[in-house]
Each structure stands twice: as C-alpha cells, then as structure tokens.
Amino acid sequence: MRPSSSPAEPAEPAEPAGSPPPGLFDEVLARGPVRAAVDDRAWLAALLTAEAGLAQAQAGLGMIPPAAATAIAAAAQPAQYDVGSLAVDAAGSGTPVLPLVTALRQRIDPALREYVHYRATSQDILDTAAMLVSRSALAVIRRDLETAAGHTATLARRHRNTAMAGRTLLQQAEPTTFGRKAAGWLVALRTALASLDRVASTGLAVQLGGAAGTLAGYQEAGPALLHAYAAELGLAEPVLPWHTDRTRVAELAGALATTAGAAAKIARDITLLAQSEVAEVAEAAGGPSSAMPHKRNPVAAVSALAAAGSAPGLAATIYAAMTQEHERAAGGWHTEWRPLRELLICTGSAVSWLDSCLAGLQVNDAALAANLASMLTTVALREPAEAHTAAAAALVD
Amino acid sequence: MRPSSSPAEPAEPAEPAGSPPPGLFDEVLARGPVRAAVDDRAWLAALLTAEAGLAQAQAGLGMIPPAAATAIAAAAQPAQYDVGSLAVDAAGSGTPVLPLVTALRQRIDPALREYVHYRATSQDILDTAAMLVSRSALAVIRRDLETAAGHTATLARRHRNTAMAGRTLLQQAEPTTFGRKAAGWLVALRTALASLDRVASTGLAVQLGGAAGTLAGYQEAGPALLHAYAAELGLAEPVLPWHTDRTRVAELAGALATTAGAAAKIARDITLLAQSEVAEVAEAAGGPSSAMPHKRNPVAAVSALAAAGSAPGLAATIYAAMTQEHERAAGGWHTEWRPLRELLICTGSAVSWLDSCLAGLQVNDAALAANLASMLTTVALREPAEAHTAAAAALVD
Amino acid sequence: MRPSSSPAEPAEPAEPAGSPPPGLFDEVLARGPVRAAVDDRAWLAALLTAEAGLAQAQAGLGMIPPAAATAIAAAAQPAQYDVGSLAVDAAGSGTPVLPLVTALRQRIDPALREYVHYRATSQDILDTAAMLVSRSALAVIRRDLETAAGHTATLARRHRNTAMAGRTLLQQAEPTTFGRKAAGWLVALRTALASLDRVASTGLAVQLGGAAGTLAGYQEAGPALLHAYAAELGLAEPVLPWHTDRTRVAELAGALATTAGAAAKIARDITLLAQSEVAEVAEAAGGPSSAMPHKRNPVAAVSALAAAGSAPGLAATIYAAMTQEHERAAGGWHTEWRPLRELLICTGSAVSWLDSCLAGLQVNDAALAANLASMLTTVALREPAEAHTAAAAALVD
Amino acid sequence: MRPSSSPAEPAEPAEPAGSPPPGLFDEVLARGPVRAAVDDRAWLAALLTAEAGLAQAQAGLGMIPPAAATAIAAAAQPAQYDVGSLAVDAAGSGTPVLPLVTALRQRIDPALREYVHYRATSQDILDTAAMLVSRSALAVIRRDLETAAGHTATLARRHRNTAMAGRTLLQQAEPTTFGRKAAGWLVALRTALASLDRVASTGLAVQLGGAAGTLAGYQEAGPALLHAYAAELGLAEPVLPWHTDRTRVAELAGALATTAGAAAKIARDITLLAQSEVAEVAEAAGGPSSAMPHKRNPVAAVSALAAAGSAPGLAATIYAAMTQEHERAAGGWHTEWRPLRELLICTGSAVSWLDSCLAGLQVNDAALAANLASMLTTVALREPAEAHTAAAAALVD
C-alpha cells in the first residue's frame, strides 16, 4: 500500500467559501474547524473531486479523451450544484452519486458525457469522497490536538516542581506535581496523535472497483488506473477494492475514539480540579449561568466531555457495520455515513474545546499547596513528601 | 406521575412553515416526517413553547403579571429568532437557552422583561423542550409504525395459507406460511408500538426546579407551579425535578432502540427474500444502480437497515450519559442532545422506509411454491407438510 | 399476553446446593446473589425445568403418556448432569440443548425416551430457560434494589432539613438539602424498579414453536400447549413463538441498562461527596489500599460504578443482535447469550454494591455545613438560603 | 517506547497444567485456545509473574536482596494459590492484588517479606498482568488468524478463475470470481493481523509508578527500574506510568474489534453462500439440528458471527472507561477488566470458528456456474462476462 503522503499534487477538495450558520447545538457539540470540514458542502466538493480525479487518471492512461477530463474538471465546481436537489434524488438509488453524475453530465458537452463516472460504481466515488473528507477532518483535528499537546507540555515544564496532592479513587493519596499530571496528559495526546497520523498516512485510500469490485470495466488497465487514481488524489492505493472490507474505516473509528477518550480524561481531571472545594485550576474564560451570575463554570472542559461522550457508541456502530455482504452491503455501508461524520465531529469538537480549556488554564498555586498541606496532616508518609514530588518532577523531563 | 394524555389544551410547538432542503444523506438516513420534527426550527419552537408555557403557568398562579405572560407568548414566535445567532452565543454558557432568553427579553416591554424565564434555570427549559420535541417525533414515528403494522397485518391475512419454506440458520428447514412470517413481524411492531406509547404517555415530563432542583425560587408555590406547568404543556408532572435523574431519557432511548431493532429484523428478512436466488418478494419500487441498469434493488429495506444500524450505539451513549453529577452534570447532560436527536431520526427513518418497503410488497407465489417444493424433495418430514403449514396458518388468526 | 404472576405453581429452577468459589474478579464485578442466579448450574437447572415443564404440559393435554412426564421430571435433576460434557458436545450443533436431550433420554426408560423434548426445537428450550434464569436474576436484583431504595428513603427522611451546597457543573451553586438529594436518588431507583417489574410481569414468556415456529408438531393442539406450558412454568404466554422477534429480550436489556445507570448516578455522587476535599459522606466500611494504609476508599461506590460501566455496551450488543434472520437467526440469537448474562451480572453487581454503599452511609453534618457556609460567602443569593433549603426539604415529603 | 520484541528472556506466565472443563456456552462462544489464555489461572500466573519480575528487576538494581527475588520467584507458583480465596478477599480493597501479596508473603521467609510488592501499588501489578494476559491471548489469536488467512489464500489461488455471480445489495450484479472474493477476505484478515501485531509489539507495556504514579518509592532509581522491569518481562517500557492514560488499552480494543469485524464479514458471506437456494459453499463439517436431522447447518460460520457480535459493544465499553480520574480512577479502571477479557474471548472465538469454517470449505463449482448462468440470462452486460472475470482473476495475483 502506497503511503498517501507523497502525491505529486495532493488534490484537496476546493475550500468552501462562506460557512453556513451553525446549528442550534453546533457551537457546543460541533465546534471548531471540523464542522466545516465534514459538512454537506465539503462532501459535495469531495464527491466532485473524486469524479474529476478519476477522469484525470483515466485521461492520463488514454482511457478517455483529455478533453473529457478537462471538461469534467471545469464542471466540478461545488457552487454550481444544489445539495438539496441531489439529496432528494438520492432516495431513489440510495446514494447521492447517481444524481450528481446526472447533474455533472448536464454541465458538459453531450459528446463527452459518457466519460463522466466512466465505468465506476457509486460506491467508488462515495468511499473515495469519504476518505477525502476524513483527510481534511483529520488535518484540522490533529492541528488542534497538537496545540492542545503543546499546552500540556508548557504546563508540564512550568509546573515541573509544583507539588500537589495526588488522588486515587478520588481520595488524596500521595504527593505528585502538577507537572507530572500535565506530562501524563501529554503522553496520552501524543499517543492519540500517532494514532491519527498512522491512519492519515496509510489508512485513507481511494476506492475503485466497479460494481462487483473487479475493475472489470477497465480490462487489463484496471490496476494501473487504481494506481494513477490514488496518485491523482494523494490517497493510498489499496491492494484491492475494499467495498466490503471495512477494516480501514474501523481503524479510523478506533483512532478517533481513542483520541476522544484521551481528551475526555484530561477534561474530567480539569472539571474535578476546578471544583469549588478544590479550586486548583480555573479556565481562563469560565462561562456564565442563567440562574447564578456568580458562578464561573469550566465550560470548555464540560463541553469537551459532552462531545467526547458520543464517541464510544459511534465507534461501536462502525464496528458493527463491518459485517457487509458479498460485493456491496445491504445496509451496512450506508449505516456508516452519519456515524463516521458524527464521530469526526465529536472528536474534533472535544479536541477543540480541550484546546480552549488548556489555553491559559489558571493554576492556583496557593490552593495546590493548601490541599497538599491538608493531605500531609492526615497521611503518615513512609518517605518524605519531597522525595515523592522530586520523583514526579523527574518524570517530566 | 400524572399521565400526559389529559391536558386541557395541549400546547404543541408551532408548526414550522416551509421546510429547509434536505442534507446530502437525509433522504436516505433522515427520512420522513421525523426530520422536521427534530430539526433546529422544531427545537427553537419547543424552547419558546417551554418559556411561554412557564409564563402562562406562573401568571395563572399570580407569580407574574398576566400581561407578562401575554407579552411572552406574543414574542415567542420562532420566525422572529435566528438560530445561527443563538447558536453562536450558546458557546459561552454551554446552552442556547441563555441567548434565547436575552433575545426574548429584547422583544418585550422592558418593564416585563424580568418575568421572562422567571426563576428558572437553563436546563428547565431545555429538558422541557427536549420532551416536547420527543413527543412530536414519537407521534410521527408511531403513525408510520402503525401504517407499517397495518401492512404486515394485511400480508398476514392475505397469505394466511400461502405455504413457503421456513428457514433456520439460513437453511431451508420446515414449511411455514408467508402469513405466519408476516404475523411475526406484526407482533414485533406491536410490541414496539406499545413501548413507544408507554413512554409517550407517562415518560415525557416537564422539567422545572431552578439551579439546584429545589424549586426554591418559587417558595411554597413550587409544587403547584410544577403541576400547572405540566398541565399547560400537556406533559407528565414529575415527582421531583429530574435534572440528573435521566431514567426517563433512558426509557425513551430503550423504546426507540427496540423499535429500530424490530424494523431491522423485518427489513433483513425482506432483503433475504428478495435475493436473486430466492426471489420470493420484491419491493414495489425497487431502486436503480449507477453501474447496473438491470438491477431492481430493495432500496427501502436496505435503507431501513442502514438507518436502524445506528440505534444500538446511540442508545448506549444515552445509557452511558446517565451518570450525571450532583444537581447538574459536568458533561453528561450535554452529551445527550445530539444522540437523542440522532436516535429519533434513525428510528423514524427506519420505520418510514419500512413503511415504504411493505406498502405494495410483491409476493411471488410461484417462487414461494418452487422453493418449498425444492425443500420437500430433500427433507424427510416427520409429518405431512400440510400439517405444518396449517399450523402456521392457524397462528395468524 | 397472560401475566406471569398468577401461575398455579410457579416451577422455579431447583436451588443449586453449594456455590462454586468465585472467579478472580467476581467479588468485585459479579457480586451478590445475581452471580449464582445466572451461573452454569442455574442455566442447567433452568434447561431441565423447561424440558420437564414441557413434558408436564404435554401430558396434561394427553400428548404424551403421564408416565413419560413423571420419568422426565425425575430425571431432570441438575446434579446428575455434567456441565462440562454438555458444553463440549454443544459445539457440534451450536447449543447445549441437543446433548442435554441425549443425556436426559439416557436416564429414562427407553420406551419413554421419544417423549423427551417432544417435537420441540433447541431454541424453544434455550429461550425458555433464558427467561427462567432472567426471572430468578430479576428477583434478586429487585430485592437489592428495593433495599437500596429503602436506604435512600431513610436518608431523605433523616436529612430532610440538612442544608448543603447544591452543585452544578461541579461548582457550588445554590443551597439544597441532603434529603432532597437522597429523594432524587430514590425516584430514580423507583423508576428502575418499575421498569424491572414491568418486564418481569409481562415480558418473560415461554418459547415454543418447533423448528419453524409454527407449532406444527402439535397439530391443532399447539396453541393449547403453548398456554399450558406458560401456566406450568409461570411465565407469560406469547401471542406467537418469538424465535426471531427479540423485542422482549430488548426490553429486558433496556430495563437493566436503565437500572445500572440509575445506580451509577448515585455512586458517582457518593464518590464525589466522599472526596477528601469535600468529605460530606463516608462509606461505613471504606476499603484499604496496598500502598496507602491511611486511606479510606469508597470501595462500594467505586465498585458499583465499575460494574455499571459495562451495561451500556452490553445493551447495545443485544439491540444490535435483534436483526435475526427468518425463522432462526444465523448468529444473532447465539450472540445474545453471553451479553445477557453479563448484563444481568453487571446490573445486579452494581445494585448489590450500591446497597452496601448506602447501608450505614455516614453523613458528615459538620462538613455539609462548612461547605455550605463557604459557598454562601461567595454567592450573592437572590433569596435567603433558608428559603432554598426549605423548598428542597418540602420536596422530600 | 521500547519495542517488546527484544527481551533477553521473555518471562511468559507459567503454562497452567490441565484445563478446567468448559462452561455451558464456552465451546460455542469462548472457543479455542483463547479461553485458557485469559482464564483465572492465566491471570493468577500473570499476577505472580508480574510480582516476581518486579522483584527480579529490583534485585538487579540492588534495591532488594537477591535472596528476596529468589524466594519470591520460588513462591510465585500458581498451583499454590487458591483463586477462590483471593477472590473473596479482593472485595475489601477492590482488587485481588492485596490478598495475593499477603498470600505470597506468607510463603516466604519473614525477613524477606517486606520485599514482596516492594513499593508498588496494586494497579502496577494488575495492569502489568493484564498486558501479559493480553500478550498470550494475542499470540493464540494471531496464530488462528494466520491459519485462517492461509485458508483464504488457498481459496484465492485455487479459484482464481472460478467465475461466479457478484452480488450487491444481495442482488446478482456482475460476474466476479471466487478467487477474487477470497482475496478480499485475505486482505481484510491481513489488515487485522497487522493491527494486532502493532499492538503486540509496541502497545503492551509494563505498569509501574506507585500510588500516585510518581515512582516516588524508588527515588532516583525509578526510571532505571521501569526500564529493567520492562526488559525482565519482555514488555514495552512506557514513557510514563499510565495508570489513568488508557490509550494503550483503547488501541488494543480497537485492534480486536477490527479483527472481529473482519472475521464477521467473511462468516456472513459464507452463511449467505451456504443458503439452500444458493448452495455455492458448504462447511466440511456442518452441524446437526435437534428438530431437523436432514439439515447441514454452517455451524462454524454462524458461531463466528455469534462470537464477533459482542465485540463492538465491548470496545465501546473500554473507550467509555477511558475517562479516568486523576492518578487512579474511581470506577473506570475496574470497569475494563471483564470487557477486556470478554473482548479477547469473543475475538479469539470468532477467529477460531472462522478457521474451522474455512478449513476444507467445500466450493460447489456446479452451483457457482448455474447461478452465474442464471444471472447472465437477465443481465445485459456492457462487456463480455469473460472480461469481468478475467479482471477479477487478475486481482488475485
């Protein structure tokens, strides 16, 4: 499998200009750049990119006239298509690809129309578009994730020697440092980053196989076309068409659920540290309350938890949908579409909120010291507390 | 708990005029009337209905001036509010209620503004709106479910004596009748209907408690207000405010997941019966294919399966979110919003598709007979096949 | 559907004598009486009860000789069978019923052997046994649940006027009372109880239909046998055999997941209230730590959370397994067995631990007062705190 | 992170002698070598291996007397411990480690007892043991997976040119070959293998940190000890103790769920191909039926589906349990234990059954040809069918 990181010209979906207004809960649960990366306009752009890329690859191999590829690329402008109409027509065949192909054909010279979607099947285009959309989404998620990781690294450095009470089962237990705690967060985020990067670099592949996944329409040129298509879009080249082998979608889901879980752990810690009775941290911009103007809620951490809470169930849906029949599934494939989008959104939102939560997180040294002192009055430590915190500090380096 | 079925005037959310166009996958995975029942405009209407209903109940008890309730009702017109702006402002507090209250206040006489959202908390309004939205959604889901059940009843009657091969582990096993099979579908749908109806009649309750769920803002009149509020909206009156007791949301989720599962079982049977090699049924309007014009796909059954496939994971998310802290959760409550909406959508879509699938389902008597005959050549039945099918036919009555 | 509460003689599975030792994690995650209620010996007893009950019902209708029913009942002694051997032989057919029938036949007069499992199918017996096992498990779960509810009622009464800080988003918010908090717990547990009772009284039904679910083997006497069988075992009589209509299993799963969630909410509250920095409650018997002898961990609450955490995923598995093919599923039915058992165990364990946690829960009045006082210094309450807490206290009645 | 593949002497848990008899459903749902790899005896052995390995590493660094390590190793014989007693005593502290340490100490010279579990915390040992158990389980799962992959490779080669009907949405669509189908299975299994191997080689790490995860008990020698401990057990060395960073458990869960899904897809295909009406394949050893002696059920494929069906929900449980508080979780950690074991079991069982299913799978050339011929009478192929199947055959190389 060819890594997707070395395309000649990575054909990114055209950037949609002017975002639609957010939905009612979107600024809480579909926050940050991931929303635009996976919305209908991004999907439409990706579908058109997939069709144009296929035509380009086919022209390169002499399968269709160069003029057809040029015409298709020219017609593949998202702004010219109406998502609502495509959506309505999708009901007949079960996917929006067929109406999109019809609409695309109407926009080009009749003599060239037959070369649109040439010998491809709907799933070829939709799966390829799903990979393009996922690539864009992963790119923005990983950017926020890296920023968040940077914040934890800063906290780890800055609070290398800031002693505090370590807590097990929500009971004060032994001393640690704030730096050690932040370093633990950092390691989890780095694991998540590595997981996303692995999927992004080798897991996102073009789809092309024709109805039965045999590349039959392209005769002996099939494998070469698969290769050229992958190169054209900067996606990995699969060993075989993967219409009903959903392992790559499953690995994407797993990496996202792991990322959401890593973010949730940190957000949980922060909501606990921000409790009125603990008061060791506060968000830079805590949120107001409709009933209690005096409160400063850890809105970012709470929202990160809220978003991340959807990930496990969505990943389960994608795993369960892997049981896909024969050459195209009778349901399982379609099942993936909303959960995959939702999983990208909730993971991206969790990371975006985590980023906000950690940026400028206020660490209350006095509270840390006071809680630690309180603990030390009740704990008969076997070793001096200084040794404990020094050990924790050493772990940060 | 007072059943919600006996309100003086059930205050339904105002019907939104003119539906927005569907999203790219909506006609497949968010199909039928449920989409409009749970969309942002329905939510906005429900939030306003909740505020207006509260004011009405408070005015009835003399807590606020009647003029305030009148003014609030007049200002509670969804068309006057912009979802996008409310959504943007929601980020600060974590819910859209605070910006909505602000917007509502701006639309009424300054002297009466203090009576908007009088001594309520955001969750009071949002949870009440969620119940109103769920009520509307359940109403349309149950309507489609009843229609689908009617179709199965028709099939059970019509094919009472239509013998066919019964299949276990996907192997032909013993004779049954098509009527018996359809009767089994009917029983499952009736169980689902009963489950939805139970939730609709007693599980959907108003929420009112103020910040800490004590009804403290209303002094000794709190319980009377809770009662009046429930009557005003035609929802059940809870024993106590239920901000962090999410059992009623869980029961709603369970009824929906059960319904989706019942629909999926039928749709699976139909996709299997519609296989080329079995050919015992065909959908009245099978769908075309982009690559294979000759095929007649069971698009409705496939789409029902596709929609239903999301339900188990979404229900799990709602169950997992029940672990809500103290008087308001730090994440778990917000987590519910998207999964609850998604669960209503996917269940409603599955039922809507099932309805289409069953309406005019073509039963191929010749194929049924031929497959049965084929089975009887290889099966040494212990009793005459007629006895078997007669037993099955008798079960249909 | 006949309610299962009025059998002439409810044929409970014979009580297994002498429990096997617990597994390594069982006293934490499979705690209390539910473990024995669902273990292999309970299953074996239930399978034998199902066979004996069927024979009894058949003899009553003159289908088989009375002597056969007597002989089968005599041979249906769990102690005479070896679970391990049955299990090994189960691999061939996919269920342990076939080897059990073989073993049962070997224990009776050859002339009567044909009347064992007379014209039934494996799933008839296994599903009926699953219902018997579930009935036993629900009985012990509801007993612990009722005890736990009783504890919360006691706390609600005793602390009716014990003021404390109410907390939203883990921030101190407004005053409430400990009694109000406990009353909220009580309401959730009562909802769970009602849910379990509804399932226990109408959802648990005998299964009988023969291979294709037609009752064909019993000719015209099928429905009467179904009725008699249900009466014999004290289970509900289904409208039709439900081999692939799994709505009743789904409703059982939903009630269990709801119960686990209700328990988890309370346990979460207690772990939070027991934090070193909050110290408002302590378990009567907190647990020791291998590294920190000074700690008193809220082991019961933590263990309740640990057990309950498995419920959502298990319920999802059962919902997903509802998509069962034709007259017997090719996988989905078998899939239920372990998750259903696990779901009964984890819910029962959570409730058992909750019971221990609440029994003798120590409420620290001084800490409650101190935290409330601390809150009141920072909160500019719109009303006197007394009004708030009086409102909360009033909710408890 | 150091890969675990280069230990001097990989200290495998002692092989338990003589397996306990299977549980009632075990030969169906907990099949193959994975059951013994994760049972209580394997866990006990792994816990003892973890304690002995820690002592060995500590002795190597001069932290404890060499005699202590020798004595501990000598006492760490699983056969000397009673799981039931340890389990009973586990209830007090929430884990079986504390009672095991007590039991271990009783078996050695009082003067050396203090060196047992020297400055470790329960979670250090339990997590390390979980990694050892997972390593053993992954080893047997991958072995079966490789065998299964070998079977698919054989089918792909043997049936390279065996034309058959390709099916989409369960409708005959276009020609493919059996070899192409089998090659698709192979690719999915290889992806699963790569996923398991990645986790096995870098994801399974020792745990060591002491109560607060600071390595404080070991002063400045902590990192060296972590390194030596990892080398001793042949596990990866983590960057930091990972008590509440559960990303590595999540990645393990994801790899298992992906594997189960890949197995389920193949098993679904086989149950469909084995349908009476399709009859293109048959299992070498189909299973009998209690009611229908004539049937030959695809028991292995059905059982593979049955086992795999549990994986998505279990993975979701593990993802949801990642939200672990501070330095040790109040519930989330304990939650993992049963689901992780169950997930290993169900994945291993699915793979084991798949192996049986594929071994000697009978491919019915006549049925393949007949179904294809039937399809070609109704399909107006745009290209000769030979081209399609040639393309499919070419993909197999």
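Here the chain labels run A, B, C and D in written order, and each chain numbers its own residues starting at 1.
Note that in this section contacts are C-beta pairs under 8 Å (C-beta built on N, C-alpha and C of every residue); 3 or more make two chains touch, one makes a residue touch a chain.
Note that the structure is a prediction, hence the values are computed from the model and not measured.
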{"item": "Contact-pair overlap exceeding half with A-C, pair selected from A-B, C-D or B-D", "value": "B-D"}
{"item": "Contact-richer chain pair (by C-beta pairs counted) among B-C and B-D", "value": "B-C"}
{"item": "Cα-centroid distance, subunit B relative to subunit C, in whole angstrom", "value": "27"}
{"item": "Whole-Å gap separating subunit B and subunit D, where each centre is the average of the chain's CA atoms", "value": "38"}
{"item": "Overlap residues in subunit D, where contacts from two or more other chains coincide", "value": "94, 167-170, 173-174, 210-211, 268, 271-272, 289, 291-292, 297-299, 302, 305, 309, 312-313, 315-317, 320, 330"}
{"item": "Contact footprint of subunit B on subunit C as seen in their complex", "value": "94, 166-170, 173-177, 180-181, 183-185, 187-188, 191-192, 195, 210-220, 222-223, 238-242, 244-248, 250-251, 253-255, 257-258, 260-262, 264-265, 268-269, 272, 305, 308-309, 311-313, 315-317, 319-320, 322-330, 382-383, 387-392, 394-395"}
{"item": "Complex interface listing, subunit B residues touching subunit D", "value": "165, 167-174, 271-272, 274-278, 289, 291-299, 302, 312-313, 316, 320, 371, 374-375, 378-380"}
{"item": "Subunit A to subunit B touching residues, read off their complex", "value": "21-31, 40, 43-44, 82-88, 90-98, 101, 117, 119-122, 210-211, 267-268, 271, 287-292, 297-299, 301-307, 309-310, 312-317, 320-321, 330-335, 337-339, 342, 346"}
